[in-house]
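Two complexes follow with chain A in common, the first pairing it with chain B and the second with chain C.
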Partner chain A sequence: MAQGATVVTTPGLTSFLKSLKTTPADPSVDYLIALLKRRQIRSSRPCAIATTALLLRVVGEFKGRDAAKLVQRIRDVGRLLVAAQPREVVVGNIVRRVLGLVREVVDENMDSDTNVTNETEAGSQPEASSPRRPVLSSSISTFSPLHYAVAEPMHSSFQSEATFDSADLSRRPPLTASHTTSLGHSLFGLFSHPETPSASNTPTGQQSPTGKGLTTLNLERLADFNKSNVNVDLKAEVQDGIKELQDELEQSDELIAANALEHIHANEIILTHTASTSVQKFLLAAARKRKFTVVHAETHPLDHTATYGMALTGKKREHTPSDEEETWKPLIAAGIEVYVIPDSHVFAIMSRVNKVILATHTVLANGGLVAASGAAMIAKAAKEHQTPVVVVSGVYKLSPVYPFDIADLIEYGDAGSVVPYDDGDFVDKVDVEAPLFDYVPADLVDLYITNLGGHAPSFLYRIVADHYRTEDITL
Partner chain B sequence: MSDAQSAGAVQSPAAATAPVAEAPAQPSGESENVTPAAADSGPKKMSAAELKKQKQAEKQARRAQTKAAVPAQSQQNGPKSQPKDNIPRPMPIRTRPSQTNEPMPKEVKREPKKPSPKKTQSLFFGHLINQPRQHSMVGASKDVHPAVLALGLQYSSYTICGSTARMVAMLIAFKAVIESYQTPPGNSLARHLTSHHLSPQIDYLRSCRPLSITMGNAIRWLKDVIIKIDPSTPEADAKRDLVTEIDDFIRDRVTVADKLIAENGFKKIEKGDVVLTYASSSIVEKTLVRAHKEGIPFTVIVVDSKPLFEGKQLARKLSDQGLSVKYLLITSASHAVKQATKVLLGAHAMMSNGRLYSRVGTAIVSMLAHAQTLPVIVLCESVKFTERVALDSIVGNELAPADEILSESERKALLPLKDHLPDSLLRKLGEKEAEGPRKPKTGEVMKWIEGSDNLQMLQILYDVTPAEYINLVITEYGSLPPSSVPVVHRLSTDKW
Partner chain C sequence: MPPKGKKNAVAEKPKAGEEERDEPLQAVILTDPFETRFSPFTLEQPRCLLPLVNTPLIEYTFEFLANAGVQEIFVYCGAHREQVEVYISRSKWSSRSSPFSRLEVIQSTARTVGDAMRDLDTRSLLVGDFVLVYGDVVSNLPLESALAAHRERRTKDKNAIMTLVLREAGQNHRTKARGTKPIFVVDPSRDRCLHFEQMPNREGSHFLSLDPDLLSHEEIEIRSDVIDCGIDICTPDVLALWSDNFDFQAPRKDFLHTVLKDYELNGKTIHTYIVEDHYAARVRNLHAYDSVSKDIISRYAYPLCPDTNLLQDQSYQAYRGNIYKEQGVILARSCVIKPKTAIGRATSVGDGTVISRSVIGRHCQIGRDVTIEGAYIWDYASIGDGCTVKQSVIANEATLRKNCTVEAGALISYGVIIGEGKTISGQHRITRAKRKRTDGEELDKGEADVSVVGPGGDGFEFHDSEEEEEEEIVDGLVPPDPNLSLSAQSISTLNSEGDDDSDMAQNLNRPAADSFVSVGSQDSYASQHAANFDHDASASIYDSLEKGHESANIQLELTALRMSTNASDHQVRRSIVLSFVKRIVQLIKSDSSAKSAVDQVFGQHKELLERSIFDKTQAKKVDQVDFMLLLQTELSHRETGDIILLSAATKLVELDIIEEDGITQWWEDAKASDGQEMKAVREKTQQLIDFLNDSSESEDEDDEEEEDSE
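Coming up: the complex of A and B.
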């Protein structure tokens, strides 16, 4: 699954993963920070892989059984990583999910202490019963969309999704809970919904004091866990969880692609942009059964080389021959007609396009997304033509962050790719800009397809609630 | 207000007659140093060859005439009968209002080009694939005037680009054509010039690049002028009249019109405005420079796109004038529009249903601006108005060669892909055997893409912007909503 490094000698994901095997945690943290800062690891998937690998190492080297200290340690590492490259939101996502893992292990064991039910059900059953719930939800009433995480503490689905068949994918299977209970959960959540401000339009400040208060409250709980549980191997369980997370990263593309046939019909004309492995695999999965046409906007100037690489060979250019364990054909080899168009043609072509499939960099909790620049105009043009916009994204890209300030999320790239610096006269006088990302508001998106299935943008907050603990929203 | 302005527009050409001598000083940036050369070099340098050509042409024409005496006769028996070349012209007499609006038949290329050896399917642009694009004068009819030959090459290489510039350059070349024309004995100039001498020139130009709407308008006007020449006028006088008519046309419809539009347009720019424009339009440039000279503090954002990068020229020129300019590509259009307060656009043509036909990408910019309720203002001479209507950008458009999309540097960046290309493709290109450590050349990249089945690149030149995205059209007749375009078009064609 290694990507991102051109040659073995240049620092990148491959070299980082290699060095991680021999280097202890602390220098590795520094190394990853340096790589992130220098943009030698960039884009969501490599960042996610690097972060999970690093956290696995960090947890592995953690001494002692103190859950609170472990949480603190992960949080410290996470803060450093996020500060190094705040726009790679995925890093924060992974850290939060690992923190959630620790808390989950704690919760499970606390519950198994108090309840006599068997261990696998312990996670969900007692919490479904109400006694504890009102207390918790009242303690964080301000941060509405995510308080469900506490109001109804469902466990993150860290387990390998491979165990679910595609029929189950439309639901979000919570860990260890049976599907019926999960349904019960969400219905219960629905009923309790009106009590609180609407989830999608109340992005209140997440740095509120209540959040902090909660954190301390939770740390106390973790401390309690310390005293009461002697026989639980916290470290091993968390490590298992992280490994499951790694599996999820690895399999998310395949799981997304499993939905392809439900969304692409014969002889469709599909417009996509930039070079995305997820989209490519999604289309390939459909190409096995159906004939359709792909119109590919090249995303000049930042991604067009990769786009052409994708169209010609099925791989982005950066892929090294060593990555070739999983080779896949380009779409054209699967008998799909691919038309590469300059980005300016999007509006002209849109009236004949049946579906727009977008790749994404990050999905935000309000249903909006940050994607390669050009995505906003494509989505808008699609909206004007009433063409459905489908966003393909792994759950790991789904972030609990709200876009309070959109400009914060946009990174600006090398202006030399727009106008080469040898045109010194021009560059001197004219202000050249090259934003890397676009923010696409939720109302321009019709459907999200994740490794858990298809969701409406308005539903994403719920998946956020399933995957992240409120306590961890603020790292 | 629009009345007053249009009145001014009608008067001022007369007032400005004196200073405008030689056509437009700058019909557009690109053409300014090219067109005079094209027009001059033709008759002067190649006059010997040209004379020979002329004679041959005449001989041929005479032969053709005797052979086809009957059809030629029948062709001339009424002002309504169309010349053979299938170029529609406005009805000389406006019979009923409903008739004048009838859509022009699409200009069809006569000789069917043999299907390109490459892949023939081209998404839903198959109907445009027969549009020829000639890059050399090989095979040009020998009747074609040298000035026109040169012009055609400048068209096909985008040296002269932009609908106004192309039209002006064509008219200037036609002046040379007319000056060197001699009516064969037994023919009148009014009958012979258009069909036998001008048509080959137009056909050649069309084979270099499909005619622009303005060129079509100008040709129609010119034919109309020619046909109205009194047969009793001596040839020299008629030719002189025609040349002055052409000069007047360029002056009235372009030079003075541009001045008026810039005059009206710059008033829309207010202090502190951030004016966004897409690609390059000579009239937008003039307006912005005018506003800058007027001392209005404002900044400009130029949004541009592959492959022509016309906006780069505009940004360069504007910054040379001392304007503060920001330059972004179309992928960042949503960022650019966020910073802007006003959008000024040039046009290739205004359709009779109020839609704007312009450089591909214009629709995206106006859509984004409209979504943010920014005013979208189109600056457009009335010569760009057409009675044609369009709903989408697909039925009527211009297909450009796809290999223009990839620039040399981009091809270079793609070279490392070679190791990853499927074997079947390399074998097809006959490279598998000759494999060696040799360095791949940039030219190969196009071969890979052409060689790969199912993979194609597509490039069109224009798109159609819906009328609802456009707030204002500024013409030399004044400022109007897009819905008034057909009215003004009617007015302006009646005047011809």
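Coming up: the complex of A and C.
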């Protein structure tokens, strides 16, 4: 196949991102809906990437300066996307985050409007003028016993981010984007400029304008934002915010992995499940310094090929186009012993396991999570043996959705993967259900590690409150 | 035994788009497979718009093609084109966001797949490789690797013209075709399809005749365990082949079978791509409709499930036990919805009703204490209190009054009303529409037949007058008799080393029903060759005619062929007629008049004809009548057949191959005026008969007069 490049490929995330460059927003929305429906874009990360890219485009094409209309537009798109595949909760999360961004830009400018004098002063927040309470940001985890060493560098990095921001866009108040984004950004800064020290230790809470009690005020503000603020480029600010969100998606795995050494100790036996990039990077980060043993449950039949691939080559599938999926060394190359076991052996081996690390599909507001099927069984077994269960997840997977009806969140997959479709008699006479996901209740999880650090499950509601506006929770 | 000395018309055809790999991937959807598998429903709606789990069939096909990354689609319509066109123009596929850059509906008057393919060839729309599917394919298969395999073969060998996508499916599978069983003989090392046979699944037909040449392959597999899902990846050469063989009608039975058989003649190879995972099936008949519906509901076709909501306005949600409900379904508190059921929007279900394993459309009204089991109820149907419906199809707007019973297998078409307390038994197909004889598209509303639908009912029993004589049994929703419908076979992979042994072994321990492979066994050998005679002989004569061989040589070859296969005289005549007519038509196409074409062909090969007719001396001209009948039948479905028949008859009389008595006897034969086509084709020949009747009095002027009568 000399002309391999022109061979028609099955549509997917790559083709979507490619077409997004040339196609206008509306057809792109339909395209993404089709891809979601056909499950050609599936699982959290690709969904999140596609949604952010699409919303960037939607905002970019938005005409006019009316914030209320922009909010409406994003919301409409969001509803369509969520309806297309309600079980990819991440899509809804991203839409809510972007909505939050718009509202934030509006809030900022309203604040600066009422305090015109303050506007040019970068870094000085008009704290008193707004009815905003100082929000307990996720840096509360500094005080949490669960949080270990990250607290210090995180603080020091803030200054560098703030100064950078103010120098760059002096007109703009330092934190236009959502507070996690800036956190993500700052942590990124931590790794890129570790030598830049900072004297001031600004409490993060002051910087985060995640006004939760603003609901009513917000609506009015959205309405008269247009009149009062002619000089503010709403679109550009929101776009910047979305780009920061994209950075967050990109970096969340690294940020999570940075916590690895605190959780994985030498000579431990770690049990994990499914071929998850986040978990894999987490383990690899630990493997650089320490020697430990990994027991990998294979997740047959839904994810076993990817699991094998992950264990052997570091790639999920051999035939995936390499452009989208970054490659890394497998754990075995880093000198880690990896045992792949069938899921049914999990209970038997659990007594010897020191820690269970789970990947997740979605984390819910109550601290429960939806993960690849088999996770519930592993978590239960871990509970039985008092083994700590650590869940690794980017904040973008954290959803404000409360699991009132668990059945709604569970997707049932191809029954043919459980029973071969060739077996005619079986297919005809036996009903087979193949759930793709499991719901793991909060009490089975001991710790969440996100790109913000570690959190107890009972604490997640705070992070939810920090990231999503209450008015956006129902799309 | 195809003739040596190959002259290959196909190979000389310019291969358009051969080098242009940048061409978008194209696809052709045949919405109408030109069979009447869904009557009486297809009287009123095109088959591709019939709802499968409340979504029109063609949606699944489009979805499959979009999934495969196809960009240009040509939808080939037969009946009900307007409806298809309207539907497509309103669907998301023709909107701006459609994944297809081109979507065209082509109308044709084609009556077989063959006609459609030849028509496509003349339109020359297809430039590169294309995917040929039917409008009833349901599949979640990514075509990527099949296409890649096809292209790779293609770059190596230009003669690899087609790749068939087949799904492996064990021995007994609900989704496999009943009726006939397609058998593929495959060379697994090169994925080449060597032989194809359709085996009627009837009693006593557990044998398959194979050409012993097949055994020269290192390894062959004889497979009956595949679902032929009708997905073919073709090159434009395929269309050219269809065009060259204008007698091909069915894509498998004719095209595939013959092209494989003629491998030595035209050198084209056809390959298979057998998949072991993913879902692929065709809704080819009601039985398949039933099983594919079940597959979709049980999520074997995932992500093609009801809760994927393929249509934009759908809002299905999945619940435990594969129950799917759209928003706005009204269920009475005491009704029971059992697993594997899908219910559409705004349908209401009354108290005490039990529904299991069924699909119910939108806006249906289902009364109290109704039992529905395994039924397919389409939109706007209403089912009265106390009815029982089992394994049947109830179409849009049909009404069952109170306390009706619909037994398994019954089909109730659009708008039919069944009176109170009536029982409809399994074999009934009730409709309100009648097809006008003159025009297939026009519909009449027929009189209600009270004895069938009960008092106050509307509709009558459907009789398909035009039901084509197909080898395939029209499959009902319910298999007629479970004992008949299944037969387990053994599949054997024959190795060249073990040939004799395995043959022997098979012949010895062949437990009648269990093995259909009988390579080289005595009994099948003869019959196989007799069957092959027709084909081989006509192909060989045609070839010789084309190349202008002498009749003596043709005669020699024919005799040899006849001797070796023990063919009857009738078969010899038939092959002669077939090939002659083919040649004549070809000559006419290349701009010679009917008369000169006939003169040329018949004139040159007088001997050949004489040698096939042996009843000159007898009073009863059986052979001559037979010859004429064959000629007439063959010409009856050709263009300008009537003119050719007239010229041919004249010429034959002129050459004294057919005597006047022969002509007269033929003319009076009952079979010669049997059916409309036969009558139409011989209309023009009336003048010859009239003339012969006259001239029998003045015989001496015969010859000159005859020429004048042209």
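Note that the second predicted complex is superposed on the first by the 355 of 475 C-alpha atoms of A that agree within 3 Å, B and C clash if a C-alpha of one lies under 4 Å from a C-alpha of the other, contacts with A are read in each partner's own complex, and residues count from 1 in each chain.
Just so we're on the same page, a contact is a pair of C-beta atoms (placed from the backbone, for glycine too) under 8 Å apart; a residue touches a chain by one contact, two chains touch by 3 or more.
The model shown is predicted, which means the values in this text are computed figures rather than measured ones.
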item	value
Combined model on chain A: chain C and chain B, fit or clash	fit
Touched partner set for A:Val340, first chain B, second chain C, both or neither	first
Partner chain in contact with A:Arg39 - chain B first, chain C second, else both or neither	second
Comparing the two partners chain B and chain C, which touches a greater set of residues in chain A	B
Chain B versus chain C as contact partner of A:Asp30, first or second or both or neither	second
Which of chain B and chain C A:Lys315 touches, first, second, both or neither	first
First (chain B), second (chain C), both or neither touched by A:Lys380	first
Chain B versus chain C as contact partner of A:Val432, first or second or both or neither	both
Touching partner for A:Ser351 - first (chain B), second (chain C), both, neither	first
Contacts of A:Tyr421 with chain B and chain C, given as first, second, both or neither	second
CA minimum distance (chain B, chain C), superposed complexes, angstrom	9
Those residues of chain A which chain B touches in one complex and chain C touches in the other	319, 425, 431-434
Touching residues (chain side chain A, partner chain B) in the complex	269, 293, 295, 298-302, 304-305, 308-309, 311-313, 315, 317, 319, 321, 329-333, 335-349, 351-352, 373-374, 376-377, 380-381, 384, 410, 418-420, 425-426, 429-435, 438
Sites on chain A touched by chain C in the complex	1-3, 6-11, 26-31, 34, 37-40, 83-84, 319, 407-408, 412-417, 421-425, 427-428, 431-434
Residue ranges of chain B in contact with chain A within the complex	121, 123-124, 302, 305-307, 312, 315-316, 319-320, 324-335, 359-361, 363-364, 367-368, 371, 392-394, 397, 405-406, 409-410, 413-414, 416-417, 419-422, 448-449, 452-460, 462-464
In the complex with chain A, residue positions of chain C that touch it	21-22, 24-25, 63, 66-71, 92, 95-97, 99, 142-145, 147-148, 151-152, 155, 168-174, 176, 225, 276-277, 279, 295, 298-303, 308-310, 315, 317-322, 339-340
